[in-house]
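Chain lettering (A, B and C) follows the sequence in which the chains are written, and residue indices restart at 1 in each chain.
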Amino acid sequence: MSEQKKHVADIDRSMYDFKDKDTSKFKAHKGLTPEIIRKISAEKHDPAWMLDFRLKSLELYNKMPLPNWGPSLEDLDMDDITTYVQPDTKMKGNWKEVPDDIKNTFERLGIPKAERDSLAGVGAQYDSEVVYHNVKDEVTKQGVVYTDMESALTEHEDLIHEYFMKLVPPTDHKFIALHGAVWSGGSFVYVPEGVHVSIPLQSYFRLNAPGAGQFEHTLIIVEKNASLHFIEGCSAPKYNVTNLHAGCVELFVKEGAHLRYSTIENWSKNMMNLNTKRALIEKDASIEWVSGSFGSHVSMLYPMSILNGEGAHSEFTGITFAGKGQNLDTGTRVVHAAPHTYSTVNTKSISKDGGACIYRSGVEVRPNAYGSRSSVSCESLMLDAKSRSDTVPVMDIRNDDVDVGHEARIGRISEDSIFYLMARGLSEEDARALIVRGFAEPVAKELPLEYAVEMNNLIKLEMEGSIS
Amino acid sequence: MSENLIEIKNLHVTVEDKEILKGLNLSIQKGEVHVLMGPNGAGKSTLVNTIMGHPKYNVTSGKICLEGKDITHAKTDERARRGLFLSFQSPEEIPGVSVENFLRTSYGAITQKPVKIFAFKKELENTMAELQMNKSYAERALNVGFSGGEKKKNEILQMLMLQPKLAILDETDSGLDVDAVKIVSKGVEKYKNDENGLLIITHSTRILEFVDVSQVHILVNGRIVHTGDRSLIDEVNTSGFAKYETAV
Amino acid sequence: MKLNLKNVNCLPTPTWNKLGVNGGIIDTEIPEIVPYTADVFPQTLPKCVEISDVMKTDIVFMDGDVDTGSGDSVREFVKKNHNTGFFIEIKAGTKVEEPIFLNLELDNQNPTLVDENTIVAEPGSNVTVVMRYTSKPGFNGFHAGMTRIYAKNDATVTLVQVQSLNETSLHFDDVGGTVFENGHVNLVQTEIGGSHASAAAHLKLMGRQSGVNIGNIYLGGNEESIDINYLVDHYGQKTDCEILARGALQDKSQKIFRGTIDFKRGSAGSKGREEEFAVLLDPTVRARSAPLILCEEEDVDGQHAASIGRIDENRLFYLMSRGLTEAEARKLIIEAQFTPILSRIPIASVREDLQTSIAGRLNTHG
């Protein structure tokens, strides 16, 4: 732990010096008070039970300690936490303050101007709103509810009351308690029994007002024998003047249902991304997680599958790419809590230019989960000797009738592979980039084409100038 | 103007401080096919890897010229762009990169021109058919899970697609069954013309069935100790290298 | 007396507390520590070896004491409470042909053993030390031991620690060491008995081309708990390590296996491999594993693999089709599982004794 802290402290982050610019007017506030929460709740016209929930979460938040494991969170100013959550905070930034590297990335990824403004938190909603409404109209015909969380709280209060933070209770850890107190925005999807949604739905906050997507709550319910593909985030860097993201994703996958949940996260590199995602998988149901982490300064992200019904299945495919100034602590957790449940985990990580990737996982097989199988494979690539790559997996098996396997490998790009490609005319830089893209291919192939192309471009971009 | 494709003069090469090549001379003209033979450890692989510029091989003196241009210290990719090709003895496996994608990237890098995707695909498919490779290999990750024979065919496929000026085949025929050697030999025949050249490391005549051999060299202990015609191959296969080793 | 130890067998990088593998607290009642008087050496010692009784030796460490696998609290407990221990020094260039045996037995007269040992292999020397921790049945024994190893340039130390205490004894075995240029340490620890068995080692590969091999066999039965923590730090270039563990759990036994390979910056050209296979024989067991690789160097090759599950049914079937009963077949398969570690013990008699005690402890129910 201390070593890791030291390592983090060594990172030069002078390029992120803008972090406190707009926050001075809140300096008087120390800590988060019930008054602030009441104010947030009132602005959102919460029902009484939600205000109550927020206040209870706040109490937990104020009592709970910071985690005693994982990456250093010293860059997070807990005293100034109010600045992150003030309802009257003008999250809207100024295009001039958006760092050049982000502007350049927009440019090179070919993000349209309107979308750039929105992503950088400086523009209004952009034209895709129209696209969103068209999609919404189409799925509504099938009886699917696809809306933002605030609207859902008004229009489907019973459902929200029944499911909201039941899977990820605010008692889980400090940041989820914070989320429970101050959550705002996010997506709600309800897929009725037997309905197969043929087009992937995308997270609402990508299209939502600027500044949203910090404490957003995503709640998805896929009823019996229904199916859905949901896509969250985008590969263009999302820039916020405030730098804490403590979102929450709750996924309920009912008997025989299927959910694929894809994420490409590329938060701006000043962001502390402490995101909690969890899925409850019932009998014969399945979830596929596809998770790409490219952005943020510090991440703690471990999507969790609870295999709650016999025959439930979970598949996790992840890639993490950490460059300069980044400490990305990512992985997954699986709980086999019913007989004959299956899980597979495939992860890749790439560390470069002083970046740190930590792969962390937990696979638990409960005593009743006989006949279960789990297979985990993780591969890490070190692109230089300045970076860091750790693998921290845990298995907890409480039953003999299991088959649990785990493999991990860490290494570098072999000199011979580079030579082979250079012998076919590729420059060293292109050869390395091609090998890294190939390394990431198992994840890219799980993504919709446009996202895969964006991810490949992103890798190419990250790899530029990687040869010293 | 010189018709020399490649000219190697007094080449000394060390690997991890050990001298392997000790003053090697070799020149190949356009339209020629040269065969290189020698006992294990003589320096055959060192020579071809040095010609291709592997960073592990350190040229301490001498030089290598390709079409009159000194490439002794050029980077590997530059050599490839200038028309050198090495068929690797054990081709690298590159996970996640498809054969087609790789070849197109390589073709673009060598020709320095944008590649017409559909025309390229068509040509690739035709060439694969000639090598009796299943079309599905184009979509598979480069060499990953390929058998020894499939890897070697894939090398010949690359040679035919990239049309180098000088192709070096490092034991491309070893470990192949009779049918596969036939297919590879046909590929070599198809590649060969009056403007390009071949340097072939082999132990047998099987891969040379359809080409005229210009010269055969015996490499022993880092030097070429004898040069002859095609008949030398049979002689070595009958009597071994003992005669040449003692001569050193 | 009370045994109260903190931060025992800690993971160098902690993870979710709920999984309970971060390392922990020992808080238990143990017998009063009384002087240990049993005869330890079954043989006459070779001349090239200098052994002194630690009770009469003042060991001074220039650069501070070693880090051990169990951590400071276990090491300090042993230093403070030792009732025996040996300082073994092998002179430069000496190859000790015969292994040095230390028979450390617990019985009614000697129910407690706290041994503090140091093995110094001077440059170019070679030695094998076998420590056998055994006990008579029918009393509550306590053992806590700590062994330092210094393998200097070109020296090789093989340390075999065999633990087969009775079912009501506590066992803490802790190793720490430094390996210098071209030096090698082979460590084999076998945990066959004890109500709680803790086995740990922290070895530092300081010198270029130094190496460590760790082999562990564990067999848990009844309500025993086994707690293992291995750490190997690669500092020198071209260093090599391998951690192999093979275990079986039956009844209501539990084990935690932790193994960490840590490639420090500068350890270019190094390799590390870690592998654990556990066979679970009853539905009531609990097996936890945390195989870590930490890395801050590019030019390294690190791998780990773990496999946890039942006996392969196809293998059972194959053996039974050749006429073995199920019990015989199971036994054969479980014993075979231990072979790769057993083969690292260079002394036939020790291997055979171990095989016998493993066979004796295995349940044969189908």
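We adopt the following convention: a contact is a pair of C-beta atoms (placed from the backbone, for glycine too) under 8 Å apart; a residue touches a chain by one contact, two chains touch by 3 or more.
Small disclaimer: the values here were computed from a predicted structure and weren't measured.
Asks: Measuring between Cα centroids, what's the chain most distant from chain A?
Replies: Computed centres place B farthest from chain A.
Asks: Among the chain pairs here, which one is joined by the most contacts?
Replies: Summing C-beta contacts for every pairing gives the maximum at A-C.
Asks: Where the centres are mean C-alpha positions, what is the separation of chain B from chain C, in Å?
Replies: Chain B and chain C have C-alpha centres separated by 52 Å.
Asks: Between chain A and chain C, what is the separation of their C-alpha centroids in Å?
Replies: Chain centres of chain A and chain C, defined by C-alpha means, are spaced 41 Å apart.
Asks: Provide the C-alpha centroid distance between chain A and chain B, rounded to the nearest whole angstrom.
Replies: Spacing between the chain centres: roughly 48 Å.
Asks: In their shared complex, at which residues does chain A touch chain B?
Replies: 414-417, 419-428, 430-431, 434-435, 437-442
Asks: What residues of chain B sit close enough to touch chain A in their complex?
Replies: Those in contact with chain A are residues 52-56, 75-77, 79-81, 84-86, 88, 91-92, 94-97, 102, 105-106, 109-110, 141-142, 158, 162.
Asks: List the residues on chain A that touch chain C in their complex, please.
Replies: For chain A paired with chain C, touching residues are 1, 3-4, 7, 68-70, 333, 358, 360, 362, 364, 367, 370, 380, 382-385, 387-412.
Asks: Tell me, which parts of chain C touch chain A in their complex?
Replies: Chain C reaches chain A through residues 11-17, 19-22, 263, 265, 268, 280-310.
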